[in-house]
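Same chain, two partners: chain A is paired with chain B first, then with chain C.
Right, the complex of A and B next:
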């Protein structure tokens, strides 16, 4: 028993290290939200999804390569009809988990005019990226992305215009050519 | 000498009555053989039917498993695309916002 216990603890350690506690009131938010997106893709599901990405299609092959180094993708996004539906205290509590030296905030953009607050946080282990968290809070929208594994934010950003992902023009507008391209891809699906 | 030999032949070729119940024993043997042949055929047919059923059931199970995996895979791919779409759009917006602030 004495021998087994440290092994069990060691096996549980990587999982515990990667686990990020979501804001406590997040589940209740779904009831208030007009649109909810909740995507939970663990390692096994990511591998399964990868199998269905074509090697012949350049975009899908690129995504397959990106996803190959990941252990999990978790996205929670809420859109509300009215402003201030979620608690800022919950978000602050959530943010408090990402402390240096493991985590570093690489981008923090605040807009007083729109009430928008965007953050990109990176986790590094031995000079290698091992996690990425994106928090975007807007008066009527809350989005939290947690990606476990080795991926650079710019790799994900540059997916715009590929695989039906819209490419955002400067100013936040979706590029017409890309939109057409995306719509065509959606139709083909 | 010759007479002895002839006698021996005559004795050997002399008609003998079959032992008691000989006919019944022969008929029983024939019946037993026929029953054994029928049992072998029945066994063969049963085995063939069982093997066919096994192949059909196995193929159906395999097909269902592949189909189940395909549906799960397509669903996982769709979820991955949605997750990447949300993430990419948010990162693009943040990137533009940062560019605007820097300029």
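Right, the complex of A and C next:
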């Protein structure tokens, strides 16, 4: 605990939520964004939701197992009408929180074609995964996903589209547009 | 029979009385911002008589305030999401926030646990023409449905109430 406290204070994280800190530059992005989505699910809520996931349905049972090890899911996404509304300095300031040895970048994918960059940063404590952060930057979109708890990067694919987590292709990118298309399809049902 | 009729009359007369302070504070904040009052919904109290008995979708109580024709109002120009956050205070946890500058739509959802099996959701949606404040008293299963797909659920609820 003595080791954890200074780190938490250093990052400015509320102890209860363990949310990552949004630098002022990124917080101000909300004013420029055409759409902002903020989802905050703490551990108690996740455990509650997992109780109502079916054990009989294979997919739900798998998600239930995954969610059982989580202490929080925090998603923040910005969508812009025009490109380049945020600076790389804003992203760097945000990224600077995730330093070794606690944090390690395990995936970094860049696409010159559509200007999409995605990275996954993994947090470990005593050789145990204790959380991860996904940062996806596109010219007109910025998405940050913070999952606290025992989660493997490959589990992101199964959690995508659930609990407010956008669909994530590990090594690829967060497909917000896919998520919206899925939402539309669900609305049409 | 008389007592049932009396209960119905009392319920139908009830509006936002009995709602949490935070609900009333949000309604007041919107009223002050737009210089308007919520639309009266006749016999809305009856909804709660049925909700308490039938628990539709795990909901046992609903408080609702709807503001219409907001574009006709002269706004104070204050930051509404900040005002709502101020009115809600710390006992409610922020749950989902969706803000679309394009459509001028803001949806803010807060939640609070009332007991081991009782939860409350406080939803505020503000559009150019209309604002809605809803407080739901839910069971755990109903809340779990929200947690499974919070953003979509918030937007869908907003659409359903706003219609």
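Definition applied: the second predicted complex is superposed on the first by the 131 of 189 C-alpha atoms of A that agree within 3 Å, B and C clash if a C-alpha of one lies under 4 Å from a C-alpha of the other, contacts with A are read in each partner's own complex, and residues count from 1 in each chain.
Following the convention adopted for this analysis, a contact is a pair of C-beta atoms (placed from the backbone, for glycine too) under 8 Å apart; a residue touches a chain by one contact, two chains touch by 3 or more.
What you see is a predicted model; the values in this text were computed from it and never measured.
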Touched partner set for A:51, first chain B, second chain C, both or neither: both
Touched partner set for A:81, first chain B, second chain C, both or neither: second
Partner chain in contact with A:33 - chain B first, chain C second, else both or neither: second
Contacts of A:61 with chain B and chain C, given as first, second, both or neither: neither
Touched partner set for A:41, first chain B, second chain C, both or neither: both
Comparison of chain B and chain C by chain A residues contacted: B
Touched partner set for A:106, first chain B, second chain C, both or neither: neither
Chain B versus chain C as contact partner of A:136, first or second or both or neither: first
First (chain B), second (chain C), both or neither touched by A:159: first
Doubly contacted residues of chain A, that is, touched by chain B and again by chain C: 37, 39, 41, 45-46, 48-49, 51-53, 163-164
Residues of chain B that touch chain A when the two form their complex: 69, 72-74, 76-77, 79-101
Residues of chain A defined as touching chain C within the complex: 30, 33-42, 44-46, 48-49, 51-53, 81, 162-164, 183, 186-187
Residues of chain C that touch chain A when the two form their complex: 93-102, 111, 113, 140-141, 143-145, 147-152, 155-156
Residues on chain A engaged by chain B in the complex (per definition of touch): 37, 39, 41, 45-46, 48-49, 51-53, 63, 67, 73, 75, 77, 107, 109, 111, 116, 118, 120, 134, 136, 143, 145, 147, 153-154, 156-160, 163-168, 170-172
